[in-house]
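Note that chain A is present in both complexes that follow, paired respectively with chain B and with chain C.
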Partner chain A sequence: MARRSIPTAIAFFFGAMMVVNYFVPWGWFSDRANQVQEWGLIVVAFAYILGALNVMRVHGHKIQRKEEDWRFSIVTIITMVVMLSFGLMPEHWAIGGMERGSPFLWMFDNMYVPMMATMYSLLAFFIASAAFRAFKVRSLEATLLAVTAVIVMIGAVPLGGILLPGSMELRTWIMETLQNVGKRGIMIGVALGAISTSLKIILGIERPYGRD
Partner chain B sequence: MKRAHFIYLLLLWCIPMMGIAQIVPENPSSGALQSVQNLQVSDVPNDAGDEINISWDFPDDLDKSQITEIRIYRSTSASGPFRQIDAFPLVLDSYTDADDDETGHIVTPKDTYYYKIGLFNGSEEVTSQVSEGVSPQISFFNWGRLNVFIILGIYFALILYFIRASRKGREIYIRTLPGLEALEESVGRATEMGKPVLYMPGIDEANNIQTLYSMVILRYVTQLVAEYETPLIVTVGKAFVVPLAEETVRQGYMDAGRPDLYNQDIVRYYSDEQFAAAAGVSGVILREKPATNIYLGSFYAESLILAETGFLTGSIQIAGTGNIHQLPFFVVACDYTLIGEEFYAASAYLSEDPKLLGPLKAADWMKILAVGFIGVGAVLETFGIDLFPRLLQI
Partner chain C sequence: MPNGLDKPETTLEKIERMDRRIVFLAIAITIILPLIWPLGLPIGVSPQVDDFHEAIESIPDGSVVLFPNDYDPASKAELYPMTVAILHHFFKEDRNLKVIGLGLFPAGPPLLQKAFEEVAVDQYGAEYGKDFVNLGYKEGREIVMASMGESIPQTFPTDFFGTSIDSLPIMQGIKNYSDIAILVNVSAGYPGTKEWVQQVVSVFDVLMVSGTTGVSAPEYYPYYNSGQLAGMLEGLKGAAEYETLIEEQGIATSGMDAQSLGHLVIILFIIAGNVLFILNKRNKNRDRGGRF
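So, the complex of A and B:
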């Protein structure tokens, strides 16, 4: 009984506190609410330890069992340990700290950033392949989608106005009127869903935490 | 002779005088620096008693271009001493004196404050008269948000009413959601193929309601895979979500009566960095080729990378998010997509629990109310009546 009611009571107390904080500007109360949010940040900081342990455990097991592609797991663990070690070294050590010229920042700028940029740039190719499938004219709806997409694309490039007169104005109308209407309709639904879910969690009707 | 001489001298005197008259401005006072007028101070309403509004007017004939700095002076006594609390080079006609913990600047309801405004032109300064005293007041309710309070109150009342009605046996209809209907079928397919089911609860923190709600759905999915004895992979993009996901999965297996199927390698944390997590999950999809990929939660630019990678490996893909900017990508690349509010209906749809069905009906009524507001508001605006924008302004 207590195993269910205590987490529910805690969720209700702090959840209701945040809702009340939105309506009550009284300094004493908002200070308490901000303090609770700071506690959350502290808990999040500790969660990184759990995250690192999870990586070590999952990949350690993979290496231990020599599962498929287990060598990649060795690379993962080595890179994590190396980055962590350099990041945790005190700044006054020659190879420590995260300042300019430090090995940590060098690895971050010259290895991590280019890899992230590569992943992001892959998105362009994924968009092209997804668009190719989406714009196949197979039905009336798909035809409407393809025609609208062509108008929007032509209207978005500087030459569009010459290639298809009026396309720029049409694109603006499609984006600001048709698109916004649909988007706002979905947004209202999302907002109502988020509010009702929050209330269900605060009241313990829906419990993503604890056990039943 | 003398007279002619006098007239000659008079003319000589008049010529430079005419020139001087042209260069002397019409109003001799406009060149001089003058103090601001009509200095007004007032308490900022609906706050914690820690802000004061100050406003002033510039004299009509003042040349503002000569002002290089406006200085704000404050005292707790009308007779002073006044201390400069701020200065800025912009020619503004208002200022808010606010409590600031970082700088240690204090505005408290305990004191009465008096202000003076100084205009500085680089060499001299002119200060205004002392303002009336003002004491900031603590507000215990933000009346500016009364409209939100009323709307939330109506919504909460409707939710509680429909939960009660649903518990008493009132039938609540939910339209078919193909994405959720396909959930069991997709898990069955994974079982037949002997391949795992991949679940990703987005890449946002646990304080995002979508991530929290994704945990609720993850529990249902875990129960389902436990019944079929299908392997499950949960990929996580935030360290804080790891313990939540582990607990949810463990509980899901226990609910299904198969705690023996749970192992610690099911939940896999990749990185808090967006594209590092995307690369890691894409790697899992390409190497382990899950038969079903379920993406339910808060996603950003990585949504298409994941969904397209899943498409390439031929997985059945079910996605759902409240981030509307990512919906087109999921719609294009996934077999089923839960659009916006459908995502929040998942647990009610899967469990058919009366407690969970009630809020869906309440949300429908709120949508009817919103549509009514939009319709009436549009008509009123057409006739130039701006009642609704004023009522709904926060």
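So, the complex of A and C:
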């Protein structure tokens, strides 16, 4: 009984506290709610430590059992340890700190940034290939989608104004009117769903924080 | 047979199934060439970009600006030029604006620091800790935003370099959002613009503008229409338009030619793909004795 009711009571107390504070941010009560937010930040910081340990454990097991692609796990662990070590070194050490030219920022600028940027840049190539193969006018809806996509794409670049005068204005109208109407509907729906889920959690109807 | 019939594949069918490396090559050429030989296409200014500029112009000289840069290197190509252009605007006219930067993406603050050094320090001689500060990264997403409403120094006791912010002149007298004139967010997704609007604009009534990636911009149009965002920059195009407005042409303007041709080639591929699709469908129907 207590295993069920105590977590539910804690969830109800803190959940209700934050909701009330949002609408009535009053003196002493507001201070307590802010204190709870600070606790939240501390708990999240601990979650990072748990996350790092979990990465080590999962990849350590993979290496130990020589599972598929286990060599990549070695790379993951080495890079994590190296970046973490340099990142944690105090500023007064010759190879520590976050100043420009420090080993940590050198690795960030010359390894991490180009690799991440490359991954994202590849999207342009895949989008072009996918557009050629999949954007087919198979039905009325698909035709509408394709025509709208072409207008939005051409209206989004300076060349559009030259090749298709008025495309920029048409794009703005599509984005601010047609697109906006659909987006608002989705957002209101999502917000109502979030309120409903939050209420279920606060009232203990749904209990993601404990096992029954 | 690849066409599903007992017939050899026609030329049109072969073209429709063309090797995707040809598409990749076409895109690569159209992106690289204008970067080497710029076309200098004229750049118009959208109303939302104009509003963004006006919002920053509207704050009094000497105001404090909160400048969260919520993105990482994956979005650098689109958003870093935006950060640079905005910093030019902050420091260009000697308005004595105090800029407090931070990032809610772990890899964001080093990029912001680089932009501060390239623009604020190298070009305008601004001083760290006096004219601008980088508070660094703090995990906690919406909790961080809400917590800054109570106390910014408590939420960020140290800056990006681990220095206590109490020792920085720029942070003297800064308590919470009531000391902030405008929130200028550069955002690649979650946590970002949407969360700043929900947690800060609607609760603390702070003036806010946002620069976002092109792909996430549709998400924020409702907030711009409702006035919760006073202005908006949309992807590299928004950054290029902003550079035009502040008369400081940079990497976004030079990238727009490449983006223009890239979009054009993708559109041509869509049209070509559909023409081939329709012709092949008509031929198949004819072979089966039906009508198109």
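Here, the second predicted complex is superposed on the first by the 192 of 212 C-alpha atoms of A that agree within 3 Å, B and C clash if a C-alpha of one lies under 4 Å from a C-alpha of the other, contacts with A are read in each partner's own complex, and residues count from 1 in each chain.
Here is the rule we use: contacts are C-beta pairs under 8 Å (C-beta built on N, C-alpha and C of every residue); 3 or more make two chains touch, one makes a residue touch a chain.
The structure presented is a predicted model; accordingly, all values stated were derived computationally and were not measured.
Judged by the touch definition given at the top, the superposed model places A:Lys183 against both chain B and chain C.
Contact with chain B, but none with chain C, is seen for A:Trp26 once the two complexes are overlaid on the shared chain. Of the two partner chains, chain C is the only one touched by A:Val157; chain B is not. Once chain A of one complex is fitted onto chain A of the other, the partner contacts of A:Gly166 are absent, as it touches neither chain B nor chain C.
Using the contact criterion defined above for the overlaid structures, shared-chain residue A:Gly51 touches chain B, although it does not reach chain C. In the superposed model, A:Ile201 makes contact with chain B only, not with chain C. Common to the chain B and chain C contact sets on chain A are residues 22, 40, 44, 47-48, 112, 115-116, 119-120, 127, 129, 131, 133, 183, 187. Those residues of chain B lying in contact with chain A across their complex are 46-50, 138-142, 145, 148-149, 152, 155-156, 159, 163, 205, 207, 209-210, 212-213, 215-216, 219, 236, 239-240, 242-244, 247-248, 251, 254-255, 264-265, 267-270, 272-273, 275-276, 278-279, 283, 287, 301, 304-305, 307-308, 322, 324, 327, 329, 331-333, 339-341, 343-345, 347, 355-356, 359-360, 362-363, 366-367, 370.
Taken in their complex, chain C has these residues touching chain A: 18, 20, 23-24, 26-28, 31, 41-44, 46-47, 72-77, 107, 110-111, 113-114, 117, 138-140, 143-144, 146-147, 150-151, 154-155, 160-162, 203, 214, 217-219, 221-222, 225, 235, 237, 240, 256-257, 259-267, 269-274, 277-278. Those residues of chain A that touch chain C in the shared complex are 22, 34, 37-38, 40-41, 44-45, 47-48, 91, 97-100, 105, 108-109, 112-117, 119-121, 124-125, 127-129, 131-133, 135-137, 146, 149-150, 153-154, 156-163, 168, 172, 175-176, 179-180, 183-184, 187. Listed in rising order, the residues of chain A touching chain B in the complex are 22-27, 30, 40, 43-44, 47-48, 50-52, 54-55, 57-58, 61-62, 68-69, 72, 112, 115-116, 119-120, 122-123, 126-127, 129-131, 133-134, 183, 186-190, 192-201, 205-212.
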